[in-house]
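Two complexes come next, and they have one chain in common, subunit A, joined by subunit B in the first and subunit C in the second.
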Partner chain A sequence: MAAIVFDDFSYAYDGTTKALDGIRLEVAKGSFTVVAGPSGAGKTTLCLAACGAVPHYFGGSMAGAVRVAGVDTAAGSMGDIAAHVGTVLEDYESQLVTMTVAEEVAFTLENRGMKHETIARRIGEVLAQVGLAGLEDREVGALSGGQKQRLAIAAVLATRPGILVLDEPASALDPEGAEELYALLAGLNRETGMALLVVEHDLARVLAYADQMVVLAGGRVACQGRPEDVLPAMWRQPGLAAMVPPLWQIKLGLEEKLDESFAAWRNEEEAAAELGGFIAARRRGGEKSA
Partner chain B sequence: METRENQELVKMEKTGGKTRGVAVTALLLAIGVILRLVSPSIAGITPNWLIAMYCLAILLVRPGLKQSAGIGLVAGVVCMVTSKAIFPYANLLSEPVGAVACALVVSLTDRVKIFGLTLQPAVSTFIGTLVSGFVFITVTKIVMSVPLQVYLYGMLPVVLTVGAVNCAVAQVLYYPAAKLFAGRLAAAPKEEQA
Partner chain C sequence: MRRTAPLTKLAVVLLVSLWAMLLESAAALGAVAGLLLALFAASRVPAGSYKALGGLGLFALALAAMQYALGAEAEFSLVVGLRMATMTGLFILLLATTRVQDLTAALARQLRVPYEYAFMVTASLRFIPDLLTEIKAVQEAQACRGYAGGGSVTRRLKNYLTIVQPLVLRSVARSETMAMSMELRGFGTGRAGSYGTSIALGGRDYLALAALAAGTAGVVAARFYM
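What follows is the complex of A and B.
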């Protein structure tokens, strides 16, 4: 069973203009799925649909269905869905409501009626997971942007959801902060088997971790699949080519110029290793023919 | 399975987010009570903070007419127990009617803008205050047999003045209150709503 299934799902906030139109998408258990697309493509609405805020919080009109862990989100309550899905929205600061770091994590668990001992243990566990151990008594207002983001994730992780939905989690972070955050998320994905659905416009940040990419345009799925299939498809579409990570722009440009085929590069090291070998082979070929 | 063309959309009712609306309304009413208790009168006129606050709550939460009447009733009870008027029980009728009037104006003027600026807070609060004030003084006049001269030249001008003051208060407070209480969640997918 997939973690999240969008079954021909369409949605309109005002009842007429579709923000999402006929979405067919499966997020497998334990997968790292990245959603990209131009502004207004429906990325945030997709996240809101996965956590049940669409349609429960916003109303509107819909067709088709979204199933989370087999539960139809329109039929279940937001509370039922929250048992399976943890959500960190773009404005993560609005999710932080308490004075201190430990209280923030405890708040989520207290609302579920957990015992004090369990809460105390979970606080320690999740803060260690996100790298905030030792900051239990720190005031939330005194944290940096990256730490606040980690805290919002920790508060969500405390409930041990099977799925984590994040809407542009690195939008307010510097490049180093974004890199750290995605390394953290990838680690959680690997270690806990949690499925991740992440909206990210800068695909270079997630290239090393994503195992599925979904590109939305005008509320529809423009392309989806493994990164090595999706990125060339994006490269061929004028409106989406600029979103292809620079590393893959180089790869695809070289492939076109040289009529060669390179491996699916995940990072600069893989690219450098293959290009180094390729250049050495070309030199040897050139020397022989000379 | 093929994707269906011209899918028929089914309207969905909001089922979540009610707690937020209740919390925002309760908080605004509480602020209104405190301001009502501590505000001094200027030239005999005191802005009716509770009316301004429940009008703001109606603008931010967009409740239905029945819910608006409920908000008005709560405000009416609070007004009654804190009132220095000669017939405080009139608040139990005037505030629900004022709240419903405000909600009606809000629903009718949702898209009215002048130079891109919505004057909905000012207009709805002014009318809400006038209706509430008019009902209050009329009930008081009937029950307490207040002379017509006092009603016309003593009470009605006060209602008009308080309406004008409330109108300014609501328009000024609306934007910061909307930023604080409406939350980013509702605003997040605006570009996708377009």
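What follows is the complex of A and C.
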């Protein structure tokens, strides 16, 4: 069973203009799915639909269905869906509602009526998972942007959801912070088997981790699948080509010019190794023919 | 104060504020302010709270001095400064010693305030420091675009609108996000939350409430019947 299924799902906030239109998408259990697309493509609405805020919080009109862990989100409440889906919104600072780090994690668990001993144990566990161990009594206002982001993640991880939805989690972070955050998320994905649905406009940041990419345009799925299938499809579409990571722009450009086919590069090291071998082979070929 | 139930602390804030409003003698208000300082010392509050308290003290002094400079009696000027300092200091103590969610739980469960309103009250307390930061950010942003705070009172008020408008819009957007994220974390779902042990009244709370009631009766009697 897939973690999240969008079954021909359409949604309009005001009842007329569709923010999402006929979305058919499956997020597999344990997958690292990245959603990209131009502004206004419906990325945030997709996240909100996965956690049930659409339609429960925003109202509007919808067609089709979103199923989380096999359950129709329109049938359950946001609280019920939250047992399966942890959500970190783009404005993560507004998600932090308590004074200290430990209280922030405890808040989610207290809402679920957990025992105090369990809460104390879970606080220690999730803060260690996100690298905030030892900061239990630190005031939330005294944390850096990256630490606040990690705290927002810890607060939703505390209930051990099977799915984590993050809307542009690195938008307010510096490049190092973004890199650390995605390494953390990839570790969680790998170690806990948690499915991740992440909105990210800078695909270079997630190239090393994503196993599924979904590109939205005008509320519809423009392309979806494995990165090695989606990135060339984006490259061929004028409106989406600029979103292809620079590394893949080089790869696809070289493939066009040289009429060659390179492997699906996940990082610069893989690219350098293959290109080094390719150049050496070319030189050897040139010397032989000379 | 940390081991005192949130409901008792709310009662302390409200009733001692009432004392501050009813008392008209600088000596009596000074005694109340002294009691507040003793509570701060006994509560082992974070260093930041003492900083806030220090700022509050300076502001109270400035207020009293301004009253005096504008022609008020020395006693009255002191009363105004002490009254403001005491009432604001009580809120600082409440926030420094109470978890926001415990306050919400006390309002919603023990005082039967509808959840939405209880949350609104406590969340606004949590975001006061953030709001101050945002005011500064908006002021700086507007200054880059030529905003100047000086001029006549009318001009200042008119100029201040350029600060207030974006601030209100940002606050509304933020409160919307916050409300949604709270629901996503299971708040207000009707489940029995595990607040019981942290908000339940104990023996020391009943003693404190009795002392507060007696103190309030004494202050009311002194104000209206003596």
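Annotations
Definition applied: the second predicted complex is superposed on the first by the 290 of 290 C-alpha atoms of A that agree within 3 Å, B and C clash if a C-alpha of one lies under 4 Å from a C-alpha of the other, contacts with A are read in each partner's own complex, and residues count from 1 in each chain.
Please note the rule applied: contacts are C-beta pairs under 8 Å (C-beta built on N, C-alpha and C of every residue); 3 or more make two chains touch, one makes a residue touch a chain.
In this text, all values refer to a predicted model and were calculated from it rather than measured experimentally.
Look at A:59: by the touch rule set out above, it reaches subunit B but stays clear of subunit C. In the superposed pair of complexes, A:78 makes contact with subunit B and with subunit C alike.
In the superposition on chain A, A:155 makes contact with subunit C only, while subunit B stays out of contact range. By the touch criterion stated above, A:30 is placed in contact with neither subunit B nor subunit C.
Contact with subunit C, but none with subunit B, is seen for A:97 once the two complexes are overlaid on the shared chain.
Of the two partner chains placed by the overlay, neither subunit B nor subunit C lies in contact with A:145. Of the two partner chains placed by the overlay, neither subunit B nor subunit C lies in contact with A:124.
When the shared chain is aligned, no partner comes close enough to touch A:232: not subunit B, not subunit C. Of the two partner chains placed around the shared chain by superposition, neither subunit B nor subunit C is touched by A:177. Touching of subunit A by both subunit B and subunit C, each in its own complex, is seen for residues 52-53, 56-57, 77-78, 89, 91, 94. Those residues of subunit B whose C-beta lies close enough to touch subunit A in the complex are 1, 3-4, 7-17, 183-186, 188-189, 191-194. For subunit A in complex with subunit B, the touching residues are 8, 10-15, 17-19, 21-22, 24, 39-45, 48, 52-53, 55-64, 74, 77-78, 89-91, 94, 167, 219.
Those residues of subunit A that touch subunit C in the shared complex are 51-53, 56-57, 77-80, 82-83, 87, 89, 91, 93-95, 97-100, 103, 106-116, 119, 139, 141, 155-156, 159.
Chain contact summary for the complex, subunit C toward subunit A: residues 46, 48, 95, 99-101, 123, 126, 129-130, 173-175, 177-178, 180-189, 191-195, 197.
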